[in-house]
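Structure in structure tokens, see below.
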Amino acid sequence: MFDVTRYAEAAQSLIEAGRFLYANGWSPATSSNYSARIDEQHVAITVSGRHKGQLGAGDIMVVDLTGKPVQSNTRSSAETLLHTVLYEQFPDIGVVLHTHSVNATVLSRALAGEGRLELRDYELQKAFPGVGTHESTLSIPIFENTQDIEALSRETRQWFAEHPDQPGYLIRGHGLYTWGKTMADCLRHVEAFEFLFACELEMMKVIR
Amino acid sequence: MFDVTRYAEAAQSLIEAGRFLYANGWSPATSSNYSARIDEQHVAITVSGRHKGQLGAGDIMVVDLTGKPVQSNTRSSAETLLHTVLYEQFPDIGVVLHTHSVNATVLSRALAGEGRLELRDYELQKAFPGVGTHESTLSIPIFENTQDIEALSRETRQWFAEHPDQPGYLIRGHGLYTWGKTMADCLRHVEAFEFLFACELEMMKVIR
Amino acid sequence: MFDVTRYAEAAQSLIEAGRFLYANGWSPATSSNYSARIDEQHVAITVSGRHKGQLGAGDIMVVDLTGKPVQSNTRSSAETLLHTVLYEQFPDIGVVLHTHSVNATVLSRALAGEGRLELRDYELQKAFPGVGTHESTLSIPIFENTQDIEALSRETRQWFAEHPDQPGYLIRGHGLYTWGKTMADCLRHVEAFEFLFACELEMMKVIR
Amino acid sequence: MFDVTRYAEAAQSLIEAGRFLYANGWSPATSSNYSARIDEQHVAITVSGRHKGQLGAGDIMVVDLTGKPVQSNTRSSAETLLHTVLYEQFPDIGVVLHTHSVNATVLSRALAGEGRLELRDYELQKAFPGVGTHESTLSIPIFENTQDIEALSRETRQWFAEHPDQPGYLIRGHGLYTWGKTMADCLRHVEAFEFLFACELEMMKVIR
């Protein structure tokens, strides 16, 4: 049993995040899914297929860390396991956001055949925890898109067991997953990633 | 005779859609036209030449399925037949939106000589009804632009008789037509198409 | 002597146009200038160097058709003559808007050495008066930029004596001039031009 | 000791500037820092790491011209010395804004190996003080990014001792510094620089 006040606060933070992310064009056409931890065993997560700029209380449900609905009669996002595997792996994170921007989609496809995006020499890398200089390298894995979410969740678990400090990943032609201790941290990560994706795409256009 | 409450609701949904579509830059300079079904014989549709971000009650009229005004003393969009032919062909659709974005215009011209735009490997294809995987192919016909709307309406009717599951089409240098059961469905289709058009154009810039 | 109510209405329309044009990014950093006709001899015009998104009553003054201030103790835009020459030449126009967008600036420079921008096969050309089909050609002259506004005003006067039906012109590296009978007409022209400029620039990027 | 009313007014101007700059996408993910002069010895400046679109009274502190906190128990931006060196060097400036846009980042990196960005033939150059014609040249130095802010502050001091009339500089992969007598002047400079950076990047894409 989870604390209902903590559930309500988590749900409210997801509703407000949705308005922000949709307004930025990062969650169009009912794409994306968001979650926030309630306690060690429970996560508030968006119901499948809802308009992310118009989320209401009825669009947030509760799952346990195996992805099963708890006191909820609706269907959570098809990608629920990609969220819960992160909460299991990283006990100190409180929020996971999956967004779906044009830039993340195009950049991950433009890097076809490459398994990661490497970012360096950007001052904005310092927006991520533990990064103190633009001279470090941020290494973002790009997983192939699949409708087999269970397989992908195992793949991400294995990668992040080996690279626990990297703050996010891309799914090719699909979007970004990133996480943080608080909603403010996680939204900062989304903003920083979107900034860096935009820079990388622009660089491809002007550098030949 | 149509039910006035259903007319008023259809008109209201078009007025609100106009504000949204104009704010996104998809209906500039009095371009575009929108319609919503009232009943089996009647359709609410925008009056010709009105500002789509400032639609009021007087900017919506009623036509029958042959495109003739009903209890309306104004001139409907020159493209009215492109709407009514869809309502005839697909009895379960309730809304048709024609938008006019930079990306739809440029993409349809950049594909000069090609009769269709083929989209695959985008997760967002799942925003369209009946699409369960990014591995399917979305095939969007591109019709040549013409001021002979009656001829174009016959052309679209024939194409969609053969491809009833495709959710929209482009007119070259002109814009997008898409439809749905409800306004929410149809707006989701516009958003998804605009996202995919943006991705395709960006891909053209970075892939050589 | 001019009618003060017509002055006040003209000023109000310029103030509101400024908010719209600035919000669209078409009048940044105190660039641009706008005018509206009061009567056959008088024009309301923006005072030099004001923030176009924050215009107030004190930022609009009156000039006669030779560009001299009337009952106004401030300095009108350095480009006042480019406005007044149009009111002299076209007795039926009521508004002149000069905007200053990235796309107009870049497109006019990218066409270095060319004296005009020719637009065809765009459905949106129909946003201009007298254009009934995308098959017509819109021919937009591009004048070289200069700080000698009197010389430029003569140059524009001569060009439009020969091409009275074209709805606007570009100054290279500088921006757009367009006009219309009413403010709504003129704003539609700005929107249509900006749409077409964006399309042309995007076409340059994807067509090789 | 500084006058508290002047402190409060400076802080308020920074809070409002932050909302504007963040909304334009020029200060994402807690990047950027802003300052405003209180008097000859004191400067109000943003506290390190705060959300620039959500600044409140507690996010602004006071430093002296050596960068030391005054009556403030928080840590000012790591780049505080880049601000104070400008106030020392230019007694008539009242505001320094450091922003962090995609365009400034990409342009400064695309010009790898070049020590400056030269701008000419843009009418908008006239947005800067003392510039009366598009025929002048605006020369913007690009400093290499570093985490050694003290060294960079000396480097900027030396450059601007030799070029006192240039209104800003870039740090590669990092962003823009610009200043002005008033907040309105400085915001105009940011807008003008961002416009010019956008133009330069677009030119790189369409000119080959």
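Labels for the chains are A, B, C and D, by order of writing; each one numbers its residues from 1.
In this section, a residue touches a chain if its C-beta (ideal position, glycine included) is under 8 Å from a C-beta of that chain, and two chains touch if they have at least 3 such contacts.
Here's who's who by UniProt: A, B, C, D = Methylthioribulose-1-phosphate dehydratase.
Values in this document were obtained by computation on a predicted structure and should not be read as measured data.
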item: Angle of the C-alpha superposing rotation, chain B to chain C, to the nearest 5 degrees; value: 90
item: Farthest chain (mean CA position) relative to chain A; value: C
item: Separation of mean Cα positions, chain D and chain C [Å, integer]; value: 32
item: Whole-Å gap separating chain A and chain C, where each centre is the average of the chain's CA atoms; value: 46
item: Multi-partner residues of chain C (each touching 2 or more other chains); value: 205
item: Touch relationships between chains, expressed as pairs; value: A-B, A-D, B-C, C-D
item: Chain A contact footprint on chain B (complex, rising order); value: 121-124, 127, 132-135, 184, 188-189, 191-192, 194-195, 198-199, 202-203, 205-207
item: Partner chain A, residues of chain D touching it in the complex; value: 28-31, 51, 100, 102-103, 105-106, 109-110, 145, 147, 171-175, 201, 204-205
